[in-house]
């Protein structure tokens, strides 16, 4: 597992650079990182020209640069000129993901229990002790690792990877190349009750969960089926471990939802929005696109596009930061007001009596 | 899965109304909702007469009303008069739950591993790849979906449903009609340690978890076994996904415990209490009945019956709301006190010197 | 399960006391507790002489005391004199843990799926429906309960216990006597992305998770593999249920990490530190040794050794407590400042005009 994953030659082979400058003694690269964070064993890239000044400072062993970048590498650094560094990077990422994918062989493991009405593509791999229910469809190159439960009428599209001990309950739909980490529950019962004579009756939940293409779901996260219609996660959205998404939530494309975020029922989120760790979103609210909600916030109202907020209740980041700083000074503020009142008492009781109060009464 | 679940005729057949008023073109109902939230495809009901004014505004396609309700339906709306609308609703709910229950056939799946000393009722369904340990008792009409682990000396009573990948550890007792969603852990080890010479020794936990009848537990929730005696969840209490309930907690009847609530060891909660999302309750405290603790609160002391609180520390809702509003005005408050001090400095330094300070000293 | 676990005779047999004083009618002990919390059915101990005054008040049925303790037992209490009470206690704890360990027989259950390249010690027990992947090594006396998934190149050392439905993903290393409760995921994919042309590309995570000896991990907790190198949990650290530990986190020895704590990527924690429930630690920070971070805190900066802090942002406990108290008085503070301003307006507008303003201008 700790094997190095790329040689410089392998990278050159993949991205086919226009030009190679510089030299590396060690030719093994261990990771991919942004310019400012890369280590000498990392590959980095200049994907956006505004980061151009970071290239000379970067410690990355190999940097993908566009033809317009004319700088020279450090000692022990290689610059690879490519037409589009971002695209070249994604070629490497995709290759790496395929290499890192579980090596389960295509076909159904003899210990798996697959309903005769389920359709499993011959290139899919159904690992040991998986269950696939009636009328489910498992697409090409899908991998179900082991101990995966697939209910009835579930659809899993091309190239999706489902890790061990996941429960994909009835009606769940999973898009292409989704990555569902271990222990995830998709399609659990929504938390909805009607109280009848003091007893809470479960409102039946007959909808489902839909993940569009390229959604990642972190381990032990839970996403509830809709009451009716769908709980939907948009294309390319990345969900961390231990997130809770309630029934009828709709999340847009390319969002980040970080660990312990809890999103209550029927709330909608736009595209490119980040919900940080331990945030709570109330039900039935609308969060716009390109919004950032900082860690541990509690939101109980709509937020327009491009909101950048934090706290409970939420404030704009700068105000939230200022309020945090003022909190520390609260004990001092109370003392200062105490002092002001003491002086006032003196003024109004003594001096004020003789000086002012002839003219009127200070209440 | 997305099939409609009820026709008007089917509802009439179930609740046997005294009277039917109005007309529906579409006769398919998709859900059940309260009067103010119902859509035209929903069934609703007038269960409590104080909601009577909501009936004429309700968009519900079908409303169950008592004989005393004499209003007329809208166009495309049907009013069904029944003796007790709440009871009629629960007849429908129960029917629906039975229809929606997993269609696993009674009997033990050939891939399940059942200890010869376990007793399984012939009407129970033990799904594929389940494990049932020694001396456990599985009651009538119980459904273990698939990949369910049942330890030793576990008791599961009539009609309980256990969804995939649950772990019901040794000694767990589950009441009638409980619904345990996927990935739940009941009877995990309590988090109790004695530190001996700098090393934390696990305090053995020899108690168990008891769920009374009609308890629901949401996916990936964890409930720890008691140190000794029982961790107990009262009848009809509904627990959301990803809740943590520590050892020796006792929760009363008909409570709601929402996602990410964490309840520390030995805390007791009364009946009809709501613990909202992301709330933390400290250990060894008593929370009364009919209490509401708002989302993200932190509680470290007892709360009497009918408390309605929020925040960290908790305040009554109205005060918590007011404090939240004042937070936003803190930067302004600091400025106002700065200004008051400036004027004071002027007064006491300049004018006050000549005017007041003959008579005494303002400290 | 509810059986008593120790008789007085059995304890005497284990700890071999120098002296036995007092008498117990019931001779069955149900638990172990500190002196101040013990019940008559508990065993307690005087491990640190500063707690000596608590011995006469303790209700414990049996107390382990050092030779220097000369007090007499209550009625229905037994004092056992031993050379080192802490050591004697750990003898009992260890014995109890062995007795309470799952009674799975050594050997591989016929329904388990073990790769031919995996090495399983003959004293290990691989329970029903477990999966053990290629090149993994299962040490002596290890217990995999049931439905446990062990990936490739996993190492589990002597005496570790893995409870049902755990996922130990590729490359995970588990030390001696670790206790991994049900539903735990070790080695899930780190949450790291590079955004390329608006799409988030998963940064491959090629590191692993390492648990040193005697680590406990609570049910449904998730620990991510490192991006490269290791996510490491130090010897004797005890992690509660539903904790999230991100990639490349390093936690020292003998720490407590309580439920719903979320530790973001690359953060380091020293030894003997407590991270209480629902705490969020930002990524890339350093938390010292012997630190206590109170429940629900949010920390986004380094904390030195022996910090004792709480809140968001964190303050020293006493200050945090004071700020909490002042929050309640905020509405009153705003009123007081309103009043001061009113008096001022009077002073400066009216009286001040005639009295002071001849001499200067109050701004």
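Letters are used for the chains, namely A, B and C, taken in the order the chains are written, and counting of residues starts over at 1 for each.
Here is the rule we go by: a contact is a pair of C-beta atoms (placed from the backbone, for glycine too) under 8 Å apart; a residue touches a chain by one contact, two chains touch by 3 or more.
Since the structure is predicted, the reported quantities are computational estimates derived from the model, not experimental observations.
> Over half shared numbers or under half: where do the identical copies subunit A and subunit C land at their interface, same or different?
Both copies, subunit A as well as subunit C, present different residues to each other, with under half of the numbers appearing on both sides.
> Rotation angle, subunit B onto subunit C: superpose the C-alpha atoms of these two copies and give the value as a multiple of 5 degrees.
The two chains, subunit B and subunit C, differ by a rotation of 120 degrees.
> Using Cα averages as centroids, what's the distance between subunit A and subunit C in whole Å?
Spacing between the chain centres: roughly 26 Å.
> At least two partner chains per residue is the criterion; list those residues in subunit C.
Each of 111, 129, 147, 165, 183, 220, 242, 260, 278, 327, 333, 337, 340, 347, 355 in subunit C touches at least two other chains.
> Quick one: in the complex, what on subunit A touches subunit B?
Going by the criterion above, the answer is residues 111, 113, 129, 131, 147, 149, 151-153, 165-167, 169-171, 183, 185, 188-189, 191, 193-204, 206-208, 220, 222, 224, 227-228, 242, 244, 246, 260, 262, 264, 278, 280, 282, 296, 298, 311-313, 315, 319, 322-323, 326-327, 329, 333, 336-337, 340, 342-343, 346-347, 350-351, 354-355.
> In their complex, what parts of subunit A are in touch with subunit C?
Spelled out, the residues of subunit A in touch with subunit C are 1-3, 5, 30-34, 41, 47, 86-87, 89-90, 93, 96-97, 100, 102-103, 109, 111, 127-129, 145-147, 163-165, 179, 181-183, 214, 216, 218-220, 236, 238, 240-242, 254, 256, 258-260, 272, 277-278, 295-296, 324, 327-328, 330-331, 333-334, 337, 340-341, 344, 347-348, 352, 355-356, 359-360, 362-363.
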